[in-house]
């Protein structure tokens, strides 16, 4: 901080520029700060569809496209998707609806997102994991990572896990989604030397249901994994994206 | 019930015998009833060492040996074991102390326990499962089953599980003990057609610690298992023993 | 494993056959593996109606019938049942709808399921246990067991329990369903020498409601029982079926 | 209230007496109020031994005897009992130590406690219930009730329950103590028309341990019972004593 | 039991009569047993409206009236009430709908319920307690007790409690309903010598919401109360009714 | 921020002074910052005795006295107190040990703490609340407030509460400590217009024990109170002190 | 109390007036007491819209306006608002609907609420906190405080917090609303010397969701804050209003 | 798998070598497999001191040094450390005891551990985080990473966080340890673009105590972090080490 202030005193830096730099160090006004943060962290802002009307979602998406060239909408239902298609009808944008992940991604024509020389592997145990894992995939891709899916492998089907070991080992970071007893991340982490992020899926009933047994089991894992909250596909995808960025940065250097 | 009463009315059955039969049907006085129950169910009474003094344990064990020719003491510490050795010193009994299972079994000379033509397999993930699994083994053996141990196999070491598949498949019933995330019973049950009883072990710390994640994970298992309470080695061993008895009964027939 | 590899080296076994055997030992591709597993374990795959549309259910059921000659659909509502009747209308199949159990079982003409020389007794405390217990019954029957129902016996009506002791004692394995305080499995297990599987039913309100008191009470039982999760009729039925298979196998031998 | 004030205005009641009456209606100073309350409710004050030194307990007991002619000390250990015997050595008091209930009751010579023409039945499932049930018995007796014990009856030993039906039915109010799965109060309440108070005992391990399954099970009971907190022998005994007082009052009238 | 059997042997008792007596001692067939139990305990069976269709409720109510001259339906909605009115339209019955308690009671013409010389006081803190407390009142009344309501008194309005002390003290047993922090039963029990039954009401949000803080607070009360589960108006009313019966029995004697 | 930077540019402010001001705005080095914060907030740093050796405590206290002229040590045991007396023996300090609150406060000769023209009332239900409430009192006093204690008033002794209404109403802010069912803050807040801070005390056993029922009950209170965590006497005292400061500041103005 | 009674005895006070004074001291009839309490505490009664019909709400609001010149309705939906507008259409009242806070406040023409010379600052982290924080604002304003909003500051956007430090420090008391991890009150309380009331917002999913992590985090805060229950905007606003009244009272003096 | 088998058939690969490769693919015997796994994953085995005797620890450490040239012992007490020093006294090993982390690391002379061109930053809020964070540091260092500590920064001292932004941003991966309300990882993650692993520390009392509020708060974080279980320093250190390895691998390439 002293350097900046010395420069101001010396007349080498205008007060206005100093303010920008100092605020960049800690504070800024709302709009610009968010932009700085998104640019710096590389974690895109997403519009959570849940709890919003199709009209609200469309407006937010339009603003996002205008501002950043891209909109990511998560947890959409059919009405949301229709509204988004209607809104961007006739405009120079691509509207991609991932049915299983319940996400819609809008890209302005010519939009060039980040590209990372790193792969995020996403492993799921079954179809009930698809929505949460898909959300993770969309975020990781939008952060620039290559995403490889290994699906329908489960602890009750060890063979399927073993068949995909090469793919698992070639990823730079793995997201392993699992509901019910949530043992899959433990099994996978025992077989690879890749960092594994456990993603509990809100399935299951009775004691430990709605993903609680899965979360607790991952926290208790006898292997090395870190975890995110139940159903937090966005967080898992973005954390994997941050690891991919670190790896990409090292590859660049 | 009417049959018995008709027989009494006809003089074919004495009131005393009828009472025995009817009470056998539903009630009896305390002492005899317990004996009847133990004999009928084949589940031996055990003396829980925890919370009793060495003297109390020794007295109870002596009574048990006098009454039934056998005493089973669980959850013993060193003082308990010394007291038991002292108590039975010079008598015609065998005193077997299982260090890991923390059990002591006393047999009168000539005691002949039940023998079942059935095998109980007991699978553990590591040394921290030894005490609980060992207690299960002692009970199953005292009920007459052959016990096969498969130790130190874990979900993070799939190879070890696969190496013992033959033993697992040849058992008539399996107890799979696991702490932490408790995934081992699920993995084992996905590989065999034997009934599997999950035995959660009270290990682990923080969220889901002390066996809670293991219990919940087993209850949520995507395979077919039934479970007992955390640390309930006695219950798991006896339930496996009851299945072994059913199998043995069928073999006899 | 070495034997197989030696045989390949000696030319006694083709690489392709060796692969089948080795994969049979641990891995295979998805479709075939599942088939192998179902055949080996004898636990049929069921289609969970809950959360699927009538159209999805019908498609899955048609596929199941084509592949295995049978479809089991659980947790159906009226629309599901209508859709299934419509789908199989005019085909050579039987469509059995168990109203209370909310299950539909479809059998191809000529379908011959497994038959086990073993009886599964299912005990319920009241009408609120019917759906969960019924689901257990359907699975046990489809695994080939004879199913005997003992209904409307409760801890507050001890007489009813005592009246059915013979049926309870003649079963090879018992499922005892109970909600609220869940004491029935304990009472039954105190009267028989049959293995008892406790099945907590999601009834009750306030503290310990939705089956939690029932589950915890069964886990704390002072008799010998193992349990499944709250409402897990499928798991209870299949676990009983596995015990019945073990008994049947011993009867055969 | 107006009556009292009118009387004061009319000079029929002195302000001092009016204060006593009005305070009797709502407030008083600490010492006298407690005395009034104890006298009115008939629930004796007890000295909780747990967490106090033997010296503190002895002092409090001496004060209690001086003030009310009686001291009730609960949850005592051996040192407490020795200290109490030493303290009252040579005085004209009786010192009764109930070993199982861990209580000490001291009565001044000539102390005449209340007497109620009513019986409190106390039912226990086993020796682990003895301390808590014993505490209930001491309080009910000191409130003047006759106490009848029915011990070692359990849901896994239905016969024992049935054998004591007459005693159970002849009590005016029943306390049923139970740990583990806590089903005994439900079974008993299904057989009698006496009010039943469930007393959960802090036994059991793992899920639902330390009396939680017992408490929840009693709250979920399909029969009619009310309950007290886990281990609250004092509360159960006093509540039964209050019911006994209500019955006694009706007998008197 | 021996007496009965001796009598059968002596020909003094027919086997059929002996069966009745022995079954009366413990068992009976379902229909008759329930009747016996209701008659003996005096706790009427109620039809829980929740979860049943109006048609099912009407059928059950009609059966109840035919069998016992009375039907009690709890937790009804408007459709249920309409269906019940339609069903009994033109018959010689009274149909009483308690709007706040959400109960419907049907009495055959000439039905004479039990009458108890005892009063149940019911205290509530506010309008949100009305449904649960009202259900308790209906049951207590149908068991024959006189019911006195003291409403809208709360711990934040101490004056209201004090104003009704006479009514509270003249009841033979009190039910005190409270939601939120559930302190009212403690305050009331500190002022009276009547047995108090705490009835937690499922109100409140966030931590301790839906009656959990109320239940726990009552279990922790520093006065003498017993409690029932959250929202268990039926149980509270019936337990108070059983105490009223005990008092009435004593008055009779 | 711009003002400061403009002043630097204009040469009216040296870079060093600007740094101090800007850091005062947001950052500083550890030591100075803490001092600034304590001075600004008026909340004194306290040394938590629990988990530290008497030697560690004495060293920290000596440092505190050197730096600030005062040391506050909470949760001390006898050894801690002896060590503190030994440490300051012969020095010009006062060492005040509050036995019930388990605190030791050391003041340098001539130490002049803050003085607030505001009163903190502290209400307790019984002796088990003394330690926690005493800790609150020490902190409030060290922040300069006058502390008034109202002790041994409880919801089961309404009269005592009413007797102290004047004291309660004359305080500027009240701390009401309560364990078990924790109803006292609700009762008090219903009688006064003073802000009330609920302080749950970790007493009670079984369900809702160790202060949980008290905390939940206060959070559910039907009156207006805010709360602190279970046993958080320091926080309650400091929060009351901050309110007292706000009042004092207004009185000054 | 003695003074009043002496005055009655001396004829200086009529019994009727004495009754008023004594009841004012402790009791009164319902209607008048509530009025007294509201007037004394300054906490207005609010009508909770949730769970009431638009017609019920309108009636209650009309009664409130007639009685007190004001109605505050919280948690309204669109139908409620329409009904309120219809009800008061053509009357001399103002009807203010706060869309975000979901509140409606009705003031009679000429209504003059209290005015406090004190400011309540309300800090929120984002739009999901708006409803709960808005409810707090309405109550604080109706109690007479000036309310300052600082919105959209979050722990992940430290700059925004720092930018508003002056506003935060100039308030007399702060309400800081936060959902999810609930860290904002801790961050704010570390920067100011104002009393801070933490208001947990029921957001978040999975473990710690629906405001539980926020509440627990605030209770565990390493700074000095007191808290209210999850979503308790009314309580937070009223508690802040009571502190504002204390400050205002001191300013007046 | 087919390639290997084809090679065996062709005689290009001996059955023994094929077995090694196939087992490397999935299974091996215990000893060798573990070695392979450790080498492959780079996560060292550690000896958990807790629950072992000093003698057991010394033996295990000696074995570890013999086998791998290194021993890592965690959670040691003073006796353990003395025993380890005694055991290795006079041998050519270095014995490093980290007092705060409670770890002992033994290196054979000439031992060369892995070296990673990557930095793990570890951030702590205070001295109570030292043990858990220290354990993480030891593991990360033994995996070859450079470890940078940023200590005593807390959410209540924002300035300290801001002062270390450069260090935080220059790390390749960050571990942020926090107890109590656990907000520090959220604050840090809002300021950097480095992957952040939240490490909850088991501090705090009452509601959310022992790290539960910290864990839940991290799972609910509004920024991007993944977490490990409460107190899981080893897991956090190893997960950071795995990310460091991924980055190092990319740097190498």
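Letters A, B, C, D, E, F, G and H name the chains as they come in the text, with residue numbers starting at 1 for each one.
Note that a contact is a pair of C-beta atoms (placed from the backbone, for glycine too) under 8 Å apart; a residue touches a chain by one contact, two chains touch by 3 or more.
Every value quoted in this text rests on a predicted model; they were computed, and no experiment measured them.
**Student:** Looking at the contacts, which chains touch chain B and chain G alike?
**Tutor:** Output, common partners of chain B and chain G: A, D, E, H.
**Student:** Are the two sides of the chain B and chain D contact the same residues or different ones, given that same means over half of the numbers occur on both copies?
**Tutor:** Different-residue interface.
**Student:** Using mean CA coordinates as chain centres, what's the gap between chain A and chain H in Å?
**Tutor:** 25
**Student:** For chain C and chain D, what's the span in angstrom between their mean Cα positions?
**Tutor:** Once rounded, the distance between the two centres reads 49 Å.
**Student:** Could you tell me the distance, in whole angstrom, between the mean C-alpha positions of chain A and chain D?
**Tutor:** Centre separation, chain A to chain D: 61 Å.
**Student:** Show the residues in chain D shared as contacts by 2 or more other chains, in ascending order.
**Tutor:** 23, 26-27, 37, 157-158, 162, 190, 206-208, 212, 215, 219-221, 229, 232
**Student:** Applying that definition of touch, give me each pair of chains that meets it.
**Tutor:** A-B, A-C, A-F, A-G, A-H, B-C, B-D, B-E, B-H, C-D, C-E, C-H, D-E, D-F, D-G, E-F, E-G, F-G, F-H, G-H
**Student:** In the complex formed with chain A, which residues of chain B make contact?
**Tutor:** 125, 154-158, 161-162, 180-183, 186-187, 189-191, 204, 206-209, 212-223
**Student:** Quick one: which bits of chain B touch chain E in the complex? Just the residue numbers, please.
**Tutor:** So the residues of chain B in touch with chain E come to 1-2, 5-6, 8-9, 11, 14-16, 18-19, 22-23, 26-27.
**Student:** Provide the residue numbers of chain B that touch chain H in the complex, in ascending order.
**Tutor:** Touch residues, chain B against chain H: 152, 157-160, 162-163, 205-208.
**Student:** Taking the complex as given, what residues does chain G use to touch chain F?
**Tutor:** 25-26, 37, 40-43, 118, 162, 165, 172-173, 190, 192-195, 197, 215, 219-220, 224-229, 232, 235-236, 238-239, 242-243, 245-251, 253
**Student:** Could you list, by residue number, the parts of chain F that touch chain H in their complex?
**Tutor:** Listed in rising order, the residues of chain F that touch chain H are 23, 26-30, 33-34, 37, 200, 202, 211-212, 215, 229-232.
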